[in-house]
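Chain naming follows the written order as A, B, C and D, and within any one chain the residues start at number 1.
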Amino acid sequence: MLPYVNLRPPFNITRASHVRLTVADLAESRNFYVNVIGLVVSDEDDSVCYLRGLQEACHHSLVLEQAREGGTCRRISFRVFFDEDLDAAYDYFRENDLPAEWVEMPYQERTLHVSDPVGTPLELCATMETLPRMHIRFETFKGAHAQRIDHFQLLAPDAYESCAFYGGLGFRSSEYLADGDTLLGTFMYRKGTCLDLAVFPGEGPRLHHFAYTVSESHNIFAACDLAGNLGYGDSVERGPGRHGPGGMLFAYLRDPDGHRVEVFNSHYQTIDVETEPVRWDAESLSTNARWGLPALEKWYLEASAFDGVPLLAPGSPQNPMTLERLLLAARS
Amino acid sequence: MLPYVNLRPPFNITRASHVRLTVADLAESRNFYVNVIGLVVSDEDDSVCYLRGLQEACHHSLVLEQAREGGTCRRISFRVFFDEDLDAAYDYFRENDLPAEWVEMPYQERTLHVSDPVGTPLELCATMETLPRMHIRFETFKGAHAQRIDHFQLLAPDAYESCAFYGGLGFRSSEYLADGDTLLGTFMYRKGTCLDLAVFPGEGPRLHHFAYTVSESHNIFAACDLAGNLGYGDSVERGPGRHGPGGMLFAYLRDPDGHRVEVFNSHYQTIDVETEPVRWDAESLSTNARWGLPALEKWYLEASAFDGVPLLAPGSPQNPMTLERLLLAARS
Amino acid sequence: MLPYVNLRPPFNITRASHVRLTVADLAESRNFYVNVIGLVVSDEDDSVCYLRGLQEACHHSLVLEQAREGGTCRRISFRVFFDEDLDAAYDYFRENDLPAEWVEMPYQERTLHVSDPVGTPLELCATMETLPRMHIRFETFKGAHAQRIDHFQLLAPDAYESCAFYGGLGFRSSEYLADGDTLLGTFMYRKGTCLDLAVFPGEGPRLHHFAYTVSESHNIFAACDLAGNLGYGDSVERGPGRHGPGGMLFAYLRDPDGHRVEVFNSHYQTIDVETEPVRWDAESLSTNARWGLPALEKWYLEASAFDGVPLLAPGSPQNPMTLERLLLAARS
Amino acid sequence: MLPYVNLRPPFNITRASHVRLTVADLAESRNFYVNVIGLVVSDEDDSVCYLRGLQEACHHSLVLEQAREGGTCRRISFRVFFDEDLDAAYDYFRENDLPAEWVEMPYQERTLHVSDPVGTPLELCATMETLPRMHIRFETFKGAHAQRIDHFQLLAPDAYESCAFYGGLGFRSSEYLADGDTLLGTFMYRKGTCLDLAVFPGEGPRLHHFAYTVSESHNIFAACDLAGNLGYGDSVERGPGRHGPGGMLFAYLRDPDGHRVEVFNSHYQTIDVETEPVRWDAESLSTNARWGLPALEKWYLEASAFDGVPLLAPGSPQNPMTLERLLLAARS
């Protein structure tokens, strides 16, 4: 059902690292991510704000870049283990006729920009400046106390093809949704938890969401409550609820530019080579557990485009069981 | 805005006590209330099951009575402080041309059956048999660890009139919803928290829901998760979410007969005579806080009828902002 | 075992209301109560700071009064229900040859100062100025999110005699510790939870501690963690732990003047007239549940004296099972 | 300060895997680990019981082996990534004149028994039988809901030497305690969190404790409360408290044979090559955060010996700041 995974990949991606988003109002976005989500500002100026989670030592996991319109994603980034993995990555992408270019990025050592076969702009680096972890600086905590970036979810025209590409880079699936022989989505990881990268079918490539972990279930309520009190009540798009795949409690919020961020509590540990991916049979793309209403249509259809990357239509028509469909069906 | 409250009422109702429900399948309902909600069985036989919350010493706060069809409420019950309060209550109801009758009920001392002006069947008693509180018998805990019954919510043809009647019995309002000069609903209490009895307009009298407290927010997720795993996933009708009025976290579940039970975390303390009811301006009956989707239409319209009590249409047409309306409006 | 309780007391005390403490450094104490405990400042000037819990509408539950030395308690206060209860209280204390005096106190209506038979200075009032409850103003929360004052614990020369006096005022016991026929301590209440006033034997009268409720168990860890990070690490005197009587999770902290404050999560509901006090057989004064080390000796022996009130020795010698005794006994 | 770490180790240890303990009463130990800690039984017979945490797919992380006396540890085990890593490990230990022997162990594929330079018996394997993860089977949860094994803590005669040996196998330190130039203890990891193996100086080699993660802070209270109610109240040896190094909330319990097990909530993520170990200056071995009493002397001195492995005295005398010393010092 799932494509081949190369357990000895050509270079060693270790984890989801950071995401670069364009925002129309830097102060507003900063307020949202600090006071609702709970991120810490590592550095900022008039045009960019670097944020990290409470337990993160690396300089940034979220980079907000002021732009005229905002609402696009510039790049998602993964870490590699050694600096020399970057060279191997450069060679790999070039040999596969994919874009690969050395760039300089603030607060990072050598950095490589590459794209996957559908054009998703990726950034790879091996080291960053570090700052003290803030996870026991309780007196500074704000918002939902987000701990660390965990994963990205992409919409891609063909989930199987994307899964195969990332499988070639060593991404294994912890769980996946399938309808008969059709792969509806997969949760892939490099680090030892369920997820670094999820891919679901849809017009793409687009960034569906990025996710931060929180320590405890009450932090998920706090994200919603603080969003409500700070003027972002409508941003709570889905949840709080429970995922079936992965088993996490979650809430999805939309930031002031419409970027979707998930806060969720902790995953399980993966790592071991003999554990099999868990299959979820589904006729839809829902990831609810056994209770809770389906997501709104916009949760399925709206996502952040990547700056300047053309969109491709999904290979098969999407027909998710949205909340709207469910209620309309019940009406007729 | 709110009707007069008699702070020296003719008799002393102290708190919401218990509710008697008819159920079509006693074993199934028992399973739901024990393994999802977390109640403790005090006594049972083939036709009736008596349950109480973990911290309750009194014999029962929920009585499930086997009936051919189930789905109706037989009576909601309040406690009075002294046995002599029952005599005063008897006189009060008779003097006001309302039904009042002495009855014998198992596990209770002297018991009085009365009805409010719209026919809501009430039960009053002063003492019950007691059993050990189970709140620190952690090794016996099941379900969502429901602690104690807290309140009832009624639908009544005229919320103001019902509020006035119960105000005459000493029920004060902690918070209320109003649209201009129209009272949309009120949260009344006798014990020192926000609620013993809420009344909202609707075809009635009917029991909209009864509510149990839980200790911590994670217990609310547990109610949903256990409902999902034990085959009651569709019973999670609304939430988890946050109320504006009262400020509680909540989830509403429907039991196997469709009776609606709320689990919520703790209220604030009331008691003091000088604190004013909090007004919430609303065009609808929603009790969400500043985030979260509105409730489904059925949450507003469906409720448990009282056995043999005729229904009265509400004085003014109801037009709640249901989830269906919101989504259909957004469509057109 | 327990003395008589007058269920129709001469006047209606409703709950623990507030405590007045002297402090040597007002700014330091304010910092502790706001940033560790989580209280809200209602009003303050150079000589006094009025604080309340997040869910409290009444103006103050803690009054910090600048004094040269600090470390004493000026008065503990209870609320009565009606203003006329104050008159009945005045008469009652005068008739019993106990001090009673009308005073004026800021932010309170008519106020009465009285003393119990061992000289504990009490303040009674019926109404206060009110302010908005802050319990759903999540964006303002600090410290351990203390919700409301709950109870006082006194040391008194003879716990039985004190219990009898307060029993005459309608205080019932929810639970008590006894060693054979000797009452070691009792948890008394007027409001519908376990506690408004605990009395234990010791040199007195002194205020052993006052207590604030918190919503969830993680708030108890937060109190300790914030104390540690804000320079009050040594103030965590006992806990986190679990009480047997009452069943609460707790931590005890000492404020900058040595006043002891407890944070604990919620009690159970009392109210009903037929429930019997729970007896705990103990050879000591420990209130631990079935796990956890005993308290340090100072927890038993140190307490805040009342300004200008002479101390009386306890009738029987105290020999609590302190942590020191336990460990030293194990040594020898 | 810290010894060299080989980031390209001769074989790839991925994580702490399991521990084999001897117990005097298998039924009693099973009861403790299932009903207090919350482990799941994977298999059992009259002489052995295999347990795993709720989120573990691999067959066992704790193996209880019936023995006449109990109280010893037979082996701690690590996982390697590929089966071929076992061959590399065999060669490495043989080349370093350390014991290495192929064995067969139930439910595991090829298994290697080796010893570190001070004789700690280690077990290495690459694959196990798998079973379904139970982490969202909420209806089956018991005890403290332990999620997965996390780490071992060893006492070794020379912490620096042990740290150097494991550094050669790729174990990096997340945090460490030092007194001037003396390493007092170190927290080493292979998987991407703070810990797989901690080493502290003491008579050894002995197993000081093994640790399971729990999801939320309330689970730590649950471990203590259930221990208390199920007859293991005295087993709660230390905590609940907060570690400085690592920043976790914790409680330590002693099982019926005296083996020490820690439950704690989640660590932070490590992985990245550029992050530096965090140094904690300490004159003692305490790992408390900035609040809380020191551990009892027995917490420092008692540990599980390894079956048949001779003990070596520590190179430098140990003088931890125990609770006993603190109290005796305060006395004099």
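Assorted remarks:
The definition used in the following text is that a residue touches a chain if its C-beta (ideal position, glycine included) is under 8 Å from a C-beta of that chain, and two chains touch if they have at least 3 such contacts.
No experiment lies behind these values; they were computed from the predicted model shown.
Farthest chain from chain C (centres taken as the mean of C-alpha atoms): A. Across the two interfaces under comparison, C-D and A-D, the one joined by more C-beta contacts turns out to be A-D. In whole angstrom, the spacing between the mean C-alpha positions of chain B and chain D is 49. Distance from the chain C centre to the chain D centre is 42 Å, each centre being the mean of its Cα atoms. Here the spacing of chain A and chain D, counted between their Cα centres, is 33 Å. Across the assembly, chain A contributes 136, 216-218, 225, 229, 242, 289 as residues in contact with two or more other chains. Residues 7, 14-15, 55-58, 79, 81-82, 126-128, 130, 133, 135-136, 147-148, 191-192, 215-217, 242, 244, 247, 265-266, 268-269, 271-276, 278, 289 of chain C are the ones that touch chain B when the two sit in their complex. Across the interface of their complex, chain B is touched by residues 35, 136-139, 216, 218, 222, 225-226, 229-230 of chain D. Chain C contributes residues 216-218, 221, 224-225, 227-229, 233-236, 240-242, 249, 289-293, 296, 323-324, 327-328, 331 to its touches with chain D in the complex.
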